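The same chain A turns up in both complexes below, where it pairs with chain B and then with chain C.
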Partner chain A sequence: MLMRAMLAGAAMLALACAPAMAQTPLTQVKIGVLSDMSGPLADAYGPGSLHAAELAAADSQKLMPGVKIEVVGANHQNKVDVGSSIARQWYDQEKVDAIFDIVNTAVAIAVQGVAKERKKINWQMTGASSLTGQYCSPWAVHWSTDTHIQTNGVAAGVVAAGGDTWFHITADYSGTREMANQLKALIEKNGGKFLGEALFPMGSTDFASAVVQAQASGAKVIALSSGGLDTVNAIKQLAEFGLVKQGKKIVAPAMFVTDVKALGLEVAQGVTFVDSAYWDLSDDLRAFSKRFEEKIKKPPTPQQINVYTSVMHYLAAVKAAGTTDSDAVMAKVRSLPINYFNTKDGRVRENGSVVKQRYVFEVKSPAESKGPWDLLKVARELTLEQGAPLPVDQSGCKL
Partner chain B sequence: MFTIEILGKTYNSAAVFGQLLIGLINGSFYAMLSLGVAVIFGMLRIANFAHGAQYMLGAFVAWALLNLPELFPGSGLPSIGYWPSLILAPVIVGVVGMATERIFIRRVYDLDHAYGFLLTIGLAMMVEGLLHVRFGSAGLPYGTPKEFQGTFNLGFMFLPYYRAWVIVASIIICFGTWLLIERTRLGAYLRAATENPELVQAFGIDVPRMLMLTYALGVALAGLAGVMAAPIYQVSPQMGQNLIIIVFAVVVIGGMGSILGSIVSGFLLGLIEGLTKVVYPPGSTTVIFVFMALILLARPQGLMGRT
Partner chain C sequence: MSGKPSSTPAWLASPRARELAYLVGLAAAGALLPLVVYPTLAMKILYFGLFACAYNLLFGYLGLLAFGHAAFFGLASYVCAHLVTVVGLTPELGILAGTAAAAALGAVIGWLAIKRTGLYFAMITLALAQVVYFYLVQAPWSMGEDGIQTGPRGKLFGVISLADNTSMYVVTLVIFLAGFAIVNRAVNSPFGEVLTAIRDNEPRAVSLGYDTRRFKLLAFTLSAAISGLAGATKAIVLQLANLGDVHFSMSGEVLLAVLIGGIGTALGPIVGAAVLMTMFDALAKTGAWVQAIQGALFVGFVLLLRSGVVGTLSGLFARKTR
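Moving on to the complex of A and B:
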């Protein structure tokens, strides 16, 4: 009788423990950095993103001895088919647990779909807010600023400062069209007037036609919804046609620090945009930048800083969960507060959108700059609320 | 301001003139670039798909000349500005072209056109890739020369001085080259050397050297266009990639190898593109290729090509 009771007890105990015992102990984590390694976005992301992830892995390794953390990188070449087939191969065959960076909206949306089908984790750094809306996934995090944050941060401030008539120069692809539409809605909401738009195909070099239209419209503010080299060429030509001298305000929500560097301060001064970090903002960021520069030879871009903090947060969640199981890790990703560099108590929301510290940056004038990479100043520090993505119930995300 | 009617719709004259003028400026670049391609194809029968990369090299050389002190600190080299670069950069790029002809191009003269195409496109990808590794993708700044800062107010638009200069310079360069090849003794030798190399050689003219110099001339023209483009566009490794496809369309429309044809169709297509931007903006990137298809159907040898 006693024997029976003991056996039954043991069996019950075994059952109770079953989930924990079925879980394999955490021995390794594999991270993939899928980026544009050679194209127009490679300076802001690319090899620097991969290195940022490696630094985060090295830092996390100290907290997770006994766990093998591996980082792999690949070039999606801004091609949807290349990007999604690498993602499939990584998840299915090479045991990659999470994919990071994935800049380029079209590739990002495709990879998020691939990951969602497999219940795998992906972290996005591109701009499209549809990643946490229409295309949202319970296993995705959108770590960077999205089009809503970028436009919301800029629109109200510029309209309030007297920039009440706007002309848009927009790259003709999904992410930037989305940005331009959001910007238009925000301008009108804040009492500004939208005067017209010129569309151009990605990879144009000639913006003269758009510039002439912008000039003819008489708008006080010219908004560039574009990225990379397109933005750079457009700003250069706006300056050439004298629009900067005529006192037009140029807003480029998706501007990169690398673009500012490429243009030179003479041309780019005064351009405003929203981002979450900058290498020269604080002592810990400057220290990180110094480490980063040992290999990459220039300070990290805000995007690369984002890759570093995102990998840190992911690995912290893996450590807390004690597993790489997607559901368990995502629970920790959402419950752990975000405390890296300037962000205090940020958090990841249910739809994957992220509340953290963001700023409106303005490009310095040549006189203000003291070094080759001294390019930006903070025009306005947004509160966590002001810099937040769309509320979850307005995002259009159905989980 | 008055209105203009096109295809039953009315447009603001400012918009039409503005876009036509922009079209003329773009046409200047198309003409300058397709000119080099036409010279090389006309004389050497090589479809030089490295032309975009050579144009980009011209811009990079101009940038490097301007930044010599930063590139070679301590060497005491001076910074060389826009005007000397207009001569120096094409010469340097032309010399690179000469070496390219000697080492690579020469070997495919007698082979099918496809080999020349593959060779030049491969060379272009290598050069672009190498510069990408060294200089990144965001590009490098090159300011407008001091003399040309500012704009004309034409009433219907502001025209930067520099763009006006591009139109003038391009017309001079294009017709200068045309005169050189069609109206001088040197040009006559060149044309003869491609028609019947053995016979010309029999007269004591060094044909291989002549072909090398022709290639160098075509490449130098690309380099010159690159220097002219540097103050307008960002100097970046991929700046020639999109342009080369349009340039080949222009050359095909003008008639492969026809120098005058490539000049005329360069300007013409710039204008057509500009007009399309007024009438139907999304079509402006395709209109050149539609036009090319129509020309090939109606006149396969091109506008001014000989059959």
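Moving on to the complex of A and C:
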């Protein structure tokens, strides 16, 4: 107890002296991976995210000898209170320089608020486009595909491929309603037709009425604006009602590879969504996946690949800046091009949104799959512009 | 459980003296707490401890197992966060408004729920709390699953900045002590005696001429108001309100805190809250297993330590000194 009290005292002293030592030479960098380590998102993110960050730290270490790179992880348990207080403790007391992953929209927004107040860096991997809009911070990066990218990518691609009549099945809460509205506007912009929508309460297990409405509408495409377990349950019932076999196209903008695995290819085949990477896309990704599998025993999800590349980019910026000072590092984060795996010359914009390579993926049929994790094929490779987040001036971000 | 040990020293014999002793002890412990744990965790222990005390008033002293206290905690948290952010109220007015909202909601839910007892009472409170939950999921002002971010903590009375953790901690401690004093005063007053009488034998209390419904409603509303005080304080401390505050798992956690600490003891809920909050925090660093350990703890206390940490300790103490 005495030890902890002394530590606390020392930390407060350090905090008080902080402005005076802003320009000390770079000796150590500390990275925090705050994730859902045990809940519904733990497979897509979780311990795999932490390991991806550790691999990135090990790779960067070779380029920055003499700098101690430390990675710590924590489980926010999908509790906003726990997540936000861990972030406070990391930034204030444990000298964590940047926090990564932060899956779960509500936790993500809370942590971004904590970081912004302290002028600290955070990197986001959830879908909420408000992170670079309403809640944007000059010290934040939104590395993953947000709802705008997801809807934009599928709408153009699917309409162009002949899917011109759409029905929406939407979880009834603000984020998903917003996603459905974005999608509707995009479908109409691309020349498609919106036929109707069925809302269901979050956490529902009975989609019969929505499925029947979708069937009756005669739409060629059924879009699921929902997340996690809701999406999985809805797709299951669409398959049970035979809509998949009838050749209906199912679009689930916020789908995870782990959801595909949970559903199985028989049920999920043909489902379309947007993401930025997949383990089997290229030789360097397959090599990375092999390294990753040594510990985690399954290939990295797109989200975990994102954690790896984001930590790589952050550490490259720290190295270029020669300091962990947030402003200096963020200047480098924005000026250095993003060149990891399949992305060539991507960049981080002023509001933290990221232009990089993205794809429209389609789930393979059982016949096409050659292994337990051979799940996806690229339906369409988006250009950097097609896969870009909303332009900064339209994002609603006021910096 | 609320029986007085025969060995109490003379100066502690009167309830008033004991209340004062608790208050002084808690104030001293509260002053030392931030030296041991991180200030944000210390504040979480305080507001959750207060929430558990409020719950204990109903569960421990009136014997009513409510399963919807998250509604009061959460609604107050939302109202406070909303008023502070959108209207720009100072923190203390936000907290007062949150508490008032929780009290009003408590009066309505209480009026409906106390018509029944036991399982039916628990189910009615749960159902009505779920109504509040889904209202906050849908309402435009509560910002859906994102929750409300209040931004900077603001200035108390428009003067004292709460951005600094130390001043925020002092304010939280004062609110906690005030809330604890109110609950403890209620329990040790004639009003509290009537509550205990209703818990032990309601028909007898009725036959003695007490309007038990009025007492129950009053206790329910008071419990809801103090829960709201805790929830509104939370909104200021963590600068946010979110759906986790109104989710039914929050109602379960406050019940668990009271079970761990000791049902119907003055200090038990606080000990339970400290155990639970420290556990969430400590286990966060170890990764997985949090929910599993929480569940095991619940089972363990229900099966082996029915009277909780404080109840068991004071039982042991009483036996030794007899």
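In the analysis below, the second predicted complex is superposed on the first by the 370 of 399 C-alpha atoms of A that agree within 3 Å, B and C clash if a C-alpha of one lies under 4 Å from a C-alpha of the other, contacts with A are read in each partner's own complex, and residues count from 1 in each chain.
We take it that a contact is a pair of C-beta atoms (placed from the backbone, for glycine too) under 8 Å apart; a residue touches a chain by one contact, two chains touch by 3 or more.
Not measured: the values here are computed from a predicted model.
A.B. asks: Applying the touch criterion given at the start, work out whether A:L229 contacts chain B, chain C, both or neither, answering first, second, both or neither.
C.D. replies: Touch partner of A:L229: chain B, not chain C.
A.B. asks: Quick check for you: in the superposed arrangement, does A:F256 touch first (chain B), second (chain C), both or neither?
C.D. replies: Touch status of A:F256: first partner only.
A.B. asks: Pick one for A:E54: touches chain B only (first), chain C only (second), both, or neither.
C.D. replies: Neither partner.
A.B. asks: Answer with first, second, both or neither: which of chain B and chain C does A:A42 touch in the superposed model?
C.D. replies: both
A.B. asks: With the two complexes superposed on chain A, say which partner A:D275 touches: chain B (first), chain C (second), both, or neither.
C.D. replies: Neither chain B nor chain C is touched by A:D275.
A.B. asks: Regarding the shared-chain residue A:I109, is it in contact with chain B (first), chain C (second), both, or neither?
C.D. replies: second
A.B. asks: Just checking: does A:D101 make contact with chain B only, chain C only, both, or neither of them? Give me first, second, both or neither.
C.D. replies: neither
A.B. asks: Just to be sure I read the superposition right, which of the two partners does A:M202 touch: chain B = first, chain C = second, or both, or neither?
C.D. replies: Once the two structures are laid over each other on A, A:M202 reaches chain C alone.
A.B. asks: From the superposed pair, tell me which chain A residues show up as contacts to chain B and also as contacts to chain C.
C.D. replies: After superposing on chain A, chain A residues 38-39, 42, 172, 201 contact both chain B and chain C.
A.B. asks: For a test of understanding, state which residues of chain A touch chain C in their complex under the given definition.
C.D. replies: 1, 4-5, 8, 37-39, 42, 47, 50, 72-82, 84-86, 88-89, 92-93, 105-106, 109-110, 113-114, 117, 128, 130, 135, 172-175, 201-202
A.B. asks: Under the definition above, what is the set of chain A residues touching chain B in their complex?
C.D. replies: 38-44, 172, 198-199, 201, 203-206, 208-209, 212-213, 215-216, 228-229, 232-233, 236-237, 240-242, 256, 258-259, 261-264, 266-267
A.B. asks: List the residues on chain C that touch chain A in their complex, please.
C.D. replies: Going through chain C, the ones touching chain A are 34-38, 40-41, 44, 134, 137-138, 140, 143-147, 149, 151-152, 165, 234, 238-240, 242-244, 280-281, 283-291.
A.B. asks: Can you list the chain B residues touching chain A in their complex?
C.D. replies: Contacts found on chain B: 12, 14-15, 18-19, 22, 25-26, 129, 132, 136-141, 143-144, 150-151, 157-158, 160, 162-163, 231-234, 236, 238-239, 241-243, 274, 277, 281-282, 284-285.
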